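One structure is given below, represented as structure tokens, and several questions about it will come after.
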Amino acid sequence: MSRLPKKDVVIIGLGWTGSIMAHELAQAGLDVVAIERGPWRDTASDYNIGTAPDELRYAIRQDIFLRPAQETLTARNTPDQVALPIRKYGSFLPGNGVGGAGVHWNGHTWRFMPTDFNLRSHLVGRYGEGFLPEHSTIQDWPVSYDELEPHYDFFEKVCGISGKAGNLRGVTQAGGNPFEGWRSDEYPTPPLKPNLAQNLFHKAATELGLHPFPLPGANVSTAYTNPYGVRMAPCTYCGFCEWFGCANYSKSSPQTCVLPVLMRQTNFEARTLSEVTKINLAPDGKTATGVTYVDSAGREWEQPADLVLLCAYSLFNVRLLMLSGIGTQYDPATGKGTLGRNYAYQTNAGSLGYFDKDTHFNHFAGAGSLGMMADDFNGDVFDHGPHGFIGGANLACNSTNARPISSRVVPPGTPRWGARWKKATVETANHTANVGSQGSSYSYRDCYLDLDPTYKDPLGRPLMRMTFDFKENELKMSRFIVDRTAEVMQAMGAKQVVKNYKRGPWDVVPYQTTHNTGGAVMGNTPEDSVVNRYTQHWDVPNVFVSGACLFPQNAGYNPTGTVGALTYWALDAIKNRYLKNPGQPMVQA
Amino acid sequence: MRRAALLAATLVAASMAGGTARAEPDNYTEAARGRYLTVLGDCMACHIGPDGQSLAGGHLLETPFGKISVPNITPDNDTGIGRWTADDFHNAMHNGKRPDGTHLYPAFPYTSFTRMSRADNDAVLAYLRSRPAVENRVERDTLPFPFNIRLLMAGWNWLNFTPGEFRPDPQRSAEFNRGAYLVEGPGHCGLCHTPRNLIGGDRDSEHLQGGALQGWFAPNITADARLGIGDWSQEEIVAYLRTGHTDRTAASGPMAEVVAYSTSQMTEEDLKAIAIYLRERGAAAPPAPPAVSAEDPRMRAGEAVYADTCAACHVGNGSGVAGMFPRLANNQLVRQDDPTGILRVVLQGSRSVATPEAPTAPAMPSLGWRLNDQQAADVATYIRNSWGNAAPPVTPDQVRKMREVVADRPG
Amino acid sequence: MPALTRRHLLSATALVAFSSSALGRSLTGSLPWQPNEAYPPQLVRPGGWYFLTADEAAMVDAIVTRFIPADDLSPSGKDAGCTVFIDRQLAGPYGTYEWLYMKGPFSANPLPTQGIQSPLVPQQQYRQGLAALAAHCRDQFGGKRFEQLTGDEQDGVLRAMEKNELQLGQLKRPLLDAKMFFDLLLQNTMEGFFADPVYGGNRDMVGWKMVGFPGTRYDFRDVLANPGQVYNKPPVSIIGRPAWNGRPA
């Protein structure tokens, strides 16, 4: 193995968090290298307008995602089962290459609610300890909403998020979400134009006494220049958003928001097609000396650095800590250890509505973040006392696409093929809508990550093993939410409403979300977390961790907004405190 | 430590170790002036060395007459111009001659640099001498027979070249004259923007009315409103040269390089002077042809291609997105008689320039793989004859020839 | 001397260093760019079979025609090119599950929630599945091939496969059984009928026309300007549409 000249900072992975970290630290004058195992990706070449809108290639054959042959996980529902490899990604779809999942996401960009951050103390305070579900391991975050607010704001500005504020410095704004945490500023671009489904939902939800508002999203509605001077163009509602790269610079991604200015910095280097295999430690195990990586020819290299930033996809950050022997593996049987603990996901379900033949939804004119929402049943906005569960979800009526391989809705009981199938498909096409929900997923003792004893990756290293299932608390919450979605669907004028309750056990096949959270949780003490409130590792002070792996549990929202805010929060600490006293813990354990 | 600084330090160390140590004159202001002149002259664009930083030359420029190698103009005694005197340098810039009296090829634009004064040329040399000497031996004899016979250049010069310093026009403002000097002298804009005669000299009567350079077309930059910059405000011209982007267009291809290395680093006053000169020196262009009718089957086909392929960026009515996607409606570039520009970007794609004020550098995707010759010709015809544009229609044969040009061509 | 080109834009302005061994692929200084850089799919042209034998293709022709029969809503699955699509897919990386995790050990008792756990790739599933189906028809229908059965008989066989009420030779879960093979056939047929025509199916966009899907058009701001109206524009694919060539839609 050959050792390379030292850099100030080595960043593992060049997706959202890696790009942001790299840009800000390079601007601060540091010598930065980002090592990315996937290829360079650029809009005009990889998301060419003639090749991007291809459902078979990207949505079905999963061309843009991580290939399981390169890395996958094993999965099981409970600790007494044998985990088997996820041979084909389904339930979640990790990204690949420069830009990572930030290229193929839908763009929903939320802030968690203030009460999501002191979740445990808030719920115990309101409902008592006995109200928490059995084996719940939810815990308070070590940061507050107020501390993160300026960083949420900046991330949204870097992305150009389209939306309507509902709470500006404590004053409720008409047209926005009245339940959101206070915002210091309006959204950078106005909401996307609503399609028919969004209009119907808005009207129906208002009639039912709910408070609908447009989904805040990373599909910018107007031409926009972000604080870095990088410009984006308006979304054209192409209907090829989630799982696809954007061809016309209108979806926020590292490519469209950060890379153009990052790449101009001569003290930054991107090394692609190189996989970091290990974070190297000094003999006393208390300092990282850099990373080892393997290039595409299979040769090993050592990249020394003073600061190591883990910016791969959340799951793979956790795995790399495991493979590097940093921290103590969590064991659900004993409750000891923190690495891999508190893995959570998202609890999604909804209703399908069949409408008459004169209702032309035209969902093909859609955007990843084109939606109308209601937060009346999210977080702890409503009194959970009578219901016997904790957690909640947003209600969502989205028009993202009408891609026909995947979405051919027919009435219940219709055959899947033949003449009757054809007739029903044609009669139903364009006349259905969904009201869905993104529900919270709280942490439990036996939902966790560790290394698999049997299955290995192409480099011979153990795959990570995921033990997860939906618990009765989440299923109960979801059933309640689905009933609410059906009410709105009815009020929207559907002729027939079909409720699709979430049923366990968790299945790796059908797509649900790529919102994998936890495993390297942030907290106030090393007993219940892997990193401190500045995302600095308790055991190795020159290692910082990014991504949704930091979440102690997941809320009723997509994670990316909070991931972006945490990245800027950590950067603030690194630039203004850590670098003045490098190698030192910023929090006393 | 910053990588650039480390690299520079290495170069300095190399030069000091390399035995080209010499006494250094105290000519700080002259060398600084010379540095700015090399920005005006965009020397880096051609003379850039293999290290990406020095002016050590070495690569080959393509011409229809063969390949010419670009010389090393660092002050290396053996492989560069280290032994040149100030007279030698002036003779090269002003008369197109090497120290031994042989001719330079006008691939080196001495036909423009001749307008620079002796003092200017001394300043440039002072600057070049202040740079590290880089050893890079360049093979100079690369043209095929008979073009490798430099003596033939005497005849060419007699037909096409009159040496002479710039003479300001007393009837014009100081700014106009400064702009004229910049454009006709160090800026050598005419090298690209003026059409060539059969043996490669300027067609003086069509100065700055647009020129083809092997697969690119540098458009008309006279004050003609239809084909030139007559419709551009002074502020727009300045913004284009400084940032590479305006609401209506973006610099790409060879002009992206000019913006990156030259005009984006000029002073605001100089950019204004260029704009004033170009706008006030007069308009010249052929008259507009009649627009191809919208009912023409080529226009109908082009309209369909445009709606499905182009509109998502350039918008259905050609209005584009300011600072991102050029406005095709009422667009001079698109209307040039020669369709080379539009065909080139459609077939091979193009990355617009990134400057500090406009760093995004959006890229036009390559569509040569998707459109056949007829479709590419028709969409070009449609764009060239819609929304206030009128230009000769484009034929599939022109597309076919352009494909051969761009097939393995660098940007 | 004629005017000349600037030298390679890439090596000058980009300052891209494609360093060889030491640093993998290293990028710094500016966004890399290459002319003509795009990664289009390979256009499928009908004619010949790249993976299926002629007998297998005839059987698949019949199956896709039962799945998608010809009527006033669309041509049959066969005429739409579904068999061509399936054949070309099987001949490519999909056929060997090239990008999936196909390392052992393969469990004999996977949980229903653990997804694909068969070591058989689609090429093998088709080869074995079609052979078993042919044998079944020979045995049950007096020596006939599947394509020689009547439409009702074919539907009967397919329905039985769909409900896993039919034993195809020795095939067993988790490797392959009748229902798994049926689901694969149906999935691939629908892919072929609704994927971009560049892949060999959905010929002339008949699948998209049937359900009113506009294809690759990419700009629907006109729809958002006036939601809820019937959308009348003809669909367009990666390889264009008739109007691009001056022909009616």
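Order of writing sets the chain letters: A, B and C. Residues in each chain are counted from 1.
Keep this in mind: a residue touches a chain if its C-beta (ideal position, glycine included) is under 8 Å from a C-beta of that chain, and two chains touch if they have at least 3 such contacts.
The shown structure was predicted, so the numbers you read here are calculated from the model rather than taken from an experiment.
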Should the pattern of chain-chain touching be classed as line, ring, star, complete or other?
-> complete
Measuring between mean CA coordinates, which chain is farthest from chain C?
-> B
Across the interfaces A-C and A-B, which one involves more C-beta pairs in contact?
-> A-C
Going by CA means, which chain is nearest the middle of everything shown?
-> A
Counting in whole Å, what is the centre-to-centre distance of chain A and chain B, each centre being its mean C-alpha position?
-> 46
Cα centroid separation between chain A and chain C, in whole Å?
-> 29
Residue ranges of chain A touching at least 2 other chains are 42, 44-45, 48-50, 236, 238, 247-248, 260, 264, 266, 269
Each of the following residues of chain C touches two or more other chains, namely 15, 28-31, 33-34, 37-38, 40, 216-219, 238
Mind pulling the chain B residues that touch 2 or more other chains?
-> 3, 312, 349, 351, 354, 361, 363, 365-367, 369-370
Residues on chain C engaged by chain B in the complex (per definition of touch) = 1-13, 15, 17, 28-31, 33-38, 40, 216-219, 222, 236, 238-241, 243-246
Touching chain B in the complex: which residues of chain A?
-> 29, 31, 42-45, 48-50, 223, 225, 228-234, 236, 238, 247-249, 260-261, 264, 266-267, 269
In their complex, what parts of chain A are in touch with chain C?
-> 2, 4, 40, 42, 44-46, 48-51, 53-57, 60-62, 67-69, 72, 75-77, 81-82, 84-88, 90, 192-196, 199, 236-240, 247-248, 259-260, 263-264, 266, 268-274, 295-297, 299, 301, 359-362, 364-365, 402-405, 408, 416-419, 422-423, 425-426, 429-430, 454-456, 505-509
The residues of chain C that touch chain A in their complex are 15, 21-34, 37-41, 66-69, 71, 73-74, 94, 97-103, 105, 107, 110-117, 155, 158, 162, 186, 189-191, 194-196, 199, 207-208, 210-221, 223-225, 227-231, 238
Would you mind writing out the residues of chain B in touch with chain A in their complex?
-> 1-4, 309, 312-313, 321-325, 349, 351, 354, 356-367, 369-370
